[in-house]
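I am attaching a structure below and will ask some questions about it afterwards.
Labels run A, B and C following the written order; every chain starts at residue 1.
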């Protein structure tokens, strides 16, 4: 249809950084279909939760960790308890220039660490980024945390951590799998999906906030629809059962 | 509004304060009169000027001009500077650096927007001999030229009082001489009181009708400049005007046409000053020109300065110091007959060479009694 | 190029100038010509944003404007939304972190006017307004221009405080500098490069103008 948006500015949506590529595509599709524009802001979920508690004017929050949504709901800042929209996965990112072997059980990484080839390793900041917390859990489970902790470079959020790893500023990093599916990523980058067994699941939950207007609500519902789910699946999210 | 009586015309100033700069000043200046405010640095002369201008308000004071009250601290009344209609020439001229000479003068005109304002400003600049330079800015003008612009600007105001704050101190000697001449010419046309602040006594003598001597904020004496220099009221004034010969004397008697003083073992005949009580011990002052060589009799007749007033007091002095100052020589002599008191005299070079005095040699002097002045006892010290 | 962000940055800079120019002239004159007890402390306080890390400034601003603060609640009652994360909150932050950039050059310019020149203006019978316009501003304008240009450029470039106080709300608080940060995280190097080049060009022009004006003031001073 492609109608021009009627109102001056659309609602602001706070989204976890792992949706950096998926969500703009979804928002464009939504605008194409309904004519409504939504404004997107990306960052670490923990950061957004804090800002929302301080009164930031977001109308919809797509968190990478449902615990944060539960926290907001308990504080009565949300319309309801929210909805699961997908489950995230971790990936190992290695720059093309790095010689580290990539494999899904991190044995190549472990070897490189032992050989002293890993000078710097990027993960999102565990203090407020869910992907960072899961990365730490995984590294601990694999016995690599102690060796890597002094070499960590913490990204503000999942996207920044991935950007560090792919730009070659660090030797390798762990961040969101959905970011690896981004088009335009340098083809020589090496990325491998990591198994979900050794870390708590990344149940990604979204919720409408108290100030949510009709467009935000419509977008929220649209994101649970089939078109949106197809896009999310393409970006590597595991989908919850259709509501 | 009653008509102005004669004694209301002109400027009357009374200022008193203890801090930040102490002041205790009373002065008056009539229309067309030039009053010099003289004193060493820090004596408060610029402060007095600034009070008159309204740039500084003293703790206590009263200023009236032509019957109008400009300042009355008791009535808490202080007319703002702009309303007083004063013209002021600052020490460093304070020209507006971004405006031309013409625009500087124009700003001061009471009606600067009038159609003939330009012509009036041009005429004023011509009056101070700056025709042709109207469009120059201050950095394109010499010191003397800047001073003239400042004067023109002050006059443009059609001021009730003209205030000059050491206006000649920032230029070289040659320019200064020229500017003295120009101011002397100009003042003939000025009908308002003019107050000239300077630390240079000679300037005051040259340009002023009357002079007030200031020291540490107090006005010590007011009068024609030569009077202050020859007949100081007090020792302070005597020292400030540069009188070096201060003699400790005792008044012996007042004769018919002279007064007799005792100076050590000497008896001096001086001009008659009957108001000094007989027997009083006081200080007499004598300018350096009053100490002369006692020439041989034949020469004495030819000498112009030897006036037949019978007041030459012969004295013998021993040379103690000899200072060569270009074409003049200054000597300090000890007078044994006056208990070793010191005298200072100056001689033209050629005379000194003829004498060729040496340290310790005795010289015959005469002291001109006509210029020996008794400093009033009451204001001693 | 994120045009919204550019517009927002320009709007913030212009609004900041609109308030700080007259305020700067008033305060600059006051500090240049008056003495009062505690003046040194006032000058030091005004200069603080020059040396404080932006995060410290941001932290204190959050405390002063956040939801729990008096100011925040008053604004909430007035406007129906939070002061932090809003453009108005950014403007307040901008006014504060630009204070020394606006005031100091103006103060220096006013200080450079010899007191005798101002006194001479009074003696010439000029009214206070005429003195301000014809003499004081006419002589101090290079400093005022310098202050304006520096404030403008500094506002465009401010990052830390804006991020802390404003977040990165597109169209509301996502200024150009924040947008660059955002684009880098989104792997959009081209977009980041364009915007960075734009900011670089603007900053260079600002410094050049400011130096030209400074030279003008020095030239005047040398001729006095």
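Throughout what follows, contacts are C-beta pairs under 8 Å (C-beta built on N, C-alpha and C of every residue); 3 or more make two chains touch, one makes a residue touch a chain.
Quantities reported herein were computed from a predicted structural model and do not represent experimental measurements.
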Tell me the fewest steps from chain B to chain C, where a step is a jump to a chain it touches. 1
Please list the single chain whose C-alpha centre lies closest to the global protein C-alpha centre. C
Using mean CA coordinates as chain centres, what's the chain B-chain C distance in Å? 55
Centroid spacing, where centroids are CA-atom means, of chain A and chain B in whole angstrom: 91
For chain A paired with chain C, centre-to-centre distance based on mean C-alpha positions, whole Å: 37
Where does chain A touch two or more other chains at once, residue-wise? none
Touching residues of chain C toward chain B in the complex: what are they? 114, 116-117, 119-127, 134-135, 138-139, 220, 223-224
Please give the residue numbers of chain B that touch chain C in the complex, ascending. 50, 53-55, 80-82, 85-88, 90-92, 94-98, 107-108, 110, 137-139, 153-154, 157
Where on chain A does chain C make contact in their complex? 9, 12, 17, 20-21, 39-43, 51, 54-58, 156-157, 159-160, 162-163, 166, 182, 184-185
Using the touch rule from the top, collect the residues of chain C that touch chain A in their complex. 62, 66-67, 72, 76, 81-82, 84-86, 167-172, 174, 182, 184-187
